[in-house]
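Take a look at the structures listed below.
What follows is subunit A paired twice: with subunit B in the first complex and subunit C in the second.
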Partner chain A sequence: MPKLPTDEDRFRKLVWHGKLPIQISLAKEDRAALLGRASPSSPPVYYVMAHRCSYLSLITDDVKAWLEALERAAPDRPSSIKPTQVWYAFNGAPLKWHYPIGLLYDLHSIRHPPGTVSAKPICTTKLPWTITVHLTNFPADRLLRNPSRDTTHHYFMAQYKEAEFMRAGSTKRVMNLPREDQDRLWAGLTTAEFETFWAVNHGAVNADDKDELPRHVAIRLYSRTDSAVVQVPLPLAELGSRTTVGEAIAYALRPEQFATGHPPKFRPEDESDQDAPYMVVLHGIVVSSTTPLLWLTRNLCYPDNFLHVVLL
Partner chain B sequence: MASPPAASDYTSAPSSVTEGPALTVSSQRSAGSTIDEMHEIAQPPEKVVIRFRAIGNAPILKRSFFKITSANKFQLVIQFLRRELNYKAADPLFVYISSAFSPSPDETVENLYRCFKSDGQLVVNYCTTAAWG
Partner chain C sequence: MSVDTEYQWQVGLERGLCQRDEAVEGFEALVVSYNTLLHHTLQLEGDYAHLNDTHTTLRTEHAKLADVGAAANLDAFVAAQKRIAELEWQVTTLKDERSDLYKAQGQHAQRLLSLTDDVRRREEQVRDLETSAKATATQMAKLQQSVDDYFYVLREKDGTIQDEMTALQLELVTKEEKLKRVEQENSQLVERWLRKMNEEAERMNDTNRQLEAERRPPPSVDQLNECLGDENYFGLGRRTSDTNQAPSKVPSIVYKELENPHHGEIHTLHVSHDGTMVATGGQDRRVKVFDSRSGNLKYTLSGCLQSVLHVWFSPTDDLILATSSDNAIRVWALDTGRIQHTLTGHIGKVVSAKFDGEARKIISVSHDRTIKSWDLYRGYCSKTIFSISSCNDLCLMDPQGTTILSGHVDNVLRVWDMQSGNCVREVTGLHDAPITSLAIAPAMTDSPPSLIPPILSAAFIPYSVDHTHLLTNAKDGTLHILDLNTFESVGVLRAEGYRPGSNWARAAFSADGHLVAAGSADGVLFIWNTRTFEVQARVKEHTSPVCAAFWDASGQHFFSAEKDQLVCFWE
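Moving on to the complex of A and B:
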């Protein structure tokens, strides 16, 4: 029987309830086809308060309904919108539907102020986050295909199992969950119901046994500079349970971890100071590099149980 | 709940990529020496050994060891496997690491090797029906 969440969940709740206001406008190249020749000069826009932990492919149903209403308002024509062809872009760059929305924002829209890395990153785009929705020319070379709800579900569970494999050394705890509990994880995520998700995630998979360290911390480091993603197994027992996230990142980016001996660059293009420390961004906030990694992995994971960390 | 879609639903790639010159997988008939070398080298090599294991009714490859440049995405491994099996894009193929989970096709082989290698190999299981969801 899964343990019910407690007060100790307050940081998990803060993460879970993190939201991002998004303004979605229909891409220029799709306007004429959808709205007809008489389309207005200003693009139609749609606003959504999205959960940072959710996925763009999960808001497509709402976006589609909005577009179909516009379509009906235009001269009669059958709906031509195929959800699996819908994609989103920021400043012309396709947005990966399989990344959590919060991670996409952190990657694309948090910047250092020019000429410094020591100051706090500032976001250069004002809220709401302004993105475009596209209905044609799906960039299959840049995005995973077929972003349906089912595909997203399948993808999410695969990632959940991968994180579990890193943390526990096997996926036994997930595979042993009754079908209903596995479904509850997905239901909780898609309805944003904290209790539904965490009743399963907390008790079965994420138990806070104070004596038991995760075998490895499931963490991914993302670089905006060169789009590199680095995943390194961090053996907490070996490194020490008090390992800070700064120390963990230094360990993960040791040259010997990389086939070429050159870790990807994790600093802004305009940075000249080679010894500049990395700025750790998680859920839109700057995390102190002295934060214990163990605390982060217990409290600030995304629902797939990965720490998706952007390094600036 | 609908059954999970076939892996090909998001792993298939445009034909230009499938046929492209990026493929650097080379066959490795006697992999023994290569794997021994792996133990000597602490640093992940630029090319890593992938071992394919068929599950259930999936056809067995003539050779199961291959070397691949670690900077490639896992997508390329899937495409390579499809080609070796002579599978069309519509044929269902499920691919797993360490009999446990399906990695993202846009994950690099280097990351997967670093995190999930076993005895100097990345073990890739494949089957024609979902085995580990």
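Moving on to the complex of A and C:
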């Protein structure tokens, strides 16, 4: 197993160990059904310290245990919780269980500080992040069905392969991984063990990235204002290895302008980003639009090797 | 991009991430403790609910029991008691009935068993009777057979008695013939006696002539004879010159038989060099020396602790040695009959030993695979040679004993230089079985033996330098004559029915070297002619394996010994 270079791991570890306190309360409409007649005045609340790289469907087990305990505390009721029917919402908006938790938080809760646009630490909604858990009325039209652990695993592997395809042009390296290494990827993610995950991820996928450029950058742009998701293959070889994240976003949003040979210029010297049309948020922080894209793909990816960037 | 700016934005990013984590950090402990508390609370609630349930059930049960107690009726109880007693009585009667039935069943089974036994016994009796009837029938047949046999035997006996009668008549005839022969012999003996008398007279005349000659200056040959001195000891010398005209004779007549000279088996025999004495050794640990003419016992030499394997006279016949299974060699002086040397040092039985030409040393071979040379002046071992195989017999190639020959149980003949102790030569491929004896031939020339200078033939007759042939005898039933210059076989002696009598069966050359004698395991003595390599004669007197056979130096007399207590003197 190759040795992990510690220098790079500094950011990878920071990304990996990022956590988010979540306060989960039972939705009003489910309270009566679950707790019966003795519905307490204050809603039952559950707190969890979730990894930003994890998925909501992975904390469902803990939430379910808590809810069952509540149910038992309320007498004479058979357990009625189906894990595949559990869903979460923030301010009434259903949360997509197949997004990493960090991305969900960035997408839903990070705001411009009131007044100023340029202030670095973004004013967020207060912590802990309060979301509600729902047991019925699964919004199948807005969320992927069947949010079980296995489904999440399959979805994660699909994402992983997609990212690999974009980088390398084929998924051969992932497909050729031994069964136990593939299992280790998932086990590393679910148990939040950095070494287990990165031993495979680094050795199998990122080993020779140093020498050759990835073909495309696996980047996904999320816009909250129009709740659009943009994923454009960024041909890094064409754009050059020094492409900044701002340039990349500009290319992604207006690729036809690149074709005409007039790429929109971000002004890297303008640190205040006054003219930047968007604010780039990644892992809960604002990233300067002058940050090199290549470096970002190597250091600030989510475990599925995508850069999930939220634009404000 | 410069290093600084790179560093700068990296720092910015790191700071951002760290601040994000710091904001979150506080919640970690809170959430953990919340979860613990929640867990506790839920557990306690569960416990409480459970206790509550138990409480209510207990209470209801208590109430039920109280109701039952109140409703219990005494009358019903009594009726039930009666009913129970009745039922119990029924049970007991039924049980009795059942046990009776069991008993009856058991008896029936018993009877059935005894009946089957009876049947079996009857069957056995019938079978016994049948077998006894069969046995009687066979006995009768046997008796009939024996009656027939007796008839036959009687008739046969009648025949044998008649045969015996004829045989006795035949015997009578042979006895008469024998008588005739004895008378003939008697006349022969008278004739011989007369001849002897004549010879004696002639010798007297010779002496007279010699006395006359002494007065004249002596011739050179006589001078040499005198220089050597003691030639009288080498009676052989005279005899050889005397008998040079008379070739060695094939033994034909036994003139003396010694029966049971030893208590136990005879192992060996040797003839003194002057031919006057015959020594034998055997299992009774004694060496006996007989007069070769009369067969009278001259000496009985004792001292060996175990059986005697080999005896040998010294060249001058004043000493005799015997080797024994007690690992020692003993030397007796024949004039006193007392032990002169007891040579110990071998660690196995000593199977053969020889004197050198001047009786200054003895060379012996033993079963312990060593060859030792003994200095008789000082009486101890002067040389030990280690061989790879144990050896059955040895011969000295020269009178000084500087080179010796040894015959081994690994079928190989070896030549040793006694000075250096090295094996000079190994002659292999001669025999397919252990070599039992070796003998150096006297000259085997066709020229008259008188051409040999009398001094040499006198002094070194057993070890003559002229005598360049060696006789080997082996268990494979062949004897080889070897040329000692080339160590190649000159001829093979074999005969139908010849098989050496023992591991140390000695074969011998005649005095003139023209004959070879060896005794076989069945008691037959085989005499070969060394010029034709053919069997010249087979003589049968012995009945058990012959252990040794020797001619005397004149070649006129022949001596043989068999294992089973018989020594024959032949002429």
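In this section, the second predicted complex is superposed on the first by the 269 of 312 C-alpha atoms of A that agree within 3 Å, B and C clash if a C-alpha of one lies under 4 Å from a C-alpha of the other, contacts with A are read in each partner's own complex, and residues count from 1 in each chain.
To be clear about the criterion, a contact is a pair of C-beta atoms (placed from the backbone, for glycine too) under 8 Å apart; a residue touches a chain by one contact, two chains touch by 3 or more.
Remember, predicted model here, so these are calculated numbers, not experimental data.
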{"item": "Room on subunit A for both subunit B and subunit C (clash or fit)", "value": "fit"}
{"item": "First, second, both or neither for A:Pro292, with subunit B first and subunit C second", "value": "second"}
{"item": "A:Arg242 touches, of subunit B and subunit C: first, second, both or neither?", "value": "second"}
{"item": "Partner chain in contact with A:Val230 - subunit B first, subunit C second, else both or neither", "value": "first"}
{"item": "Subunit B versus subunit C as contact partner of A:Phe11, first or second or both or neither", "value": "second"}
{"item": "Partner chain in contact with A:Phe194 - subunit B first, subunit C second, else both or neither", "value": "neither"}
{"item": "Partner chain in contact with A:Tyr251 - subunit B first, subunit C second, else both or neither", "value": "neither"}
{"item": "Which of subunit B and subunit C A:Gln159 touches, first, second, both or neither", "value": "first"}
{"item": "Superposition-derived minimum Cα distance between subunit C and subunit B (Å)", "value": "29"}
{"item": "Contact residues common to both interfaces of subunit A (with subunit B and with subunit C)", "value": "none"}
{"item": "Of all residues in subunit B, those that touch subunit A in their complex", "value": "1-2, 4-5, 9-14, 16-17, 42-46, 48, 70-71, 97-98, 100-108, 110-112, 114-116, 132-133"}
{"item": "Subunit A - residues contacting subunit B, complex", "value": "96, 98, 140-141, 144-148, 150-151, 153-155, 157-159, 161-162, 164-166, 170-171, 175, 183, 216, 229-233, 256-261"}
{"item": "Subunit C residues touching subunit A - in the complex, by the definition given at the top", "value": "1, 9-10, 12-14, 16-21, 23-24, 27-28, 30-32, 34-35, 38, 42, 45-46, 49"}
{"item": "Touching residues (chain side subunit A, partner subunit C) in the complex", "value": "10-11, 14-15, 17-21, 46-49, 66, 69-70, 72-73, 75, 120-121, 127-128, 242, 283-288, 290-292, 300"}
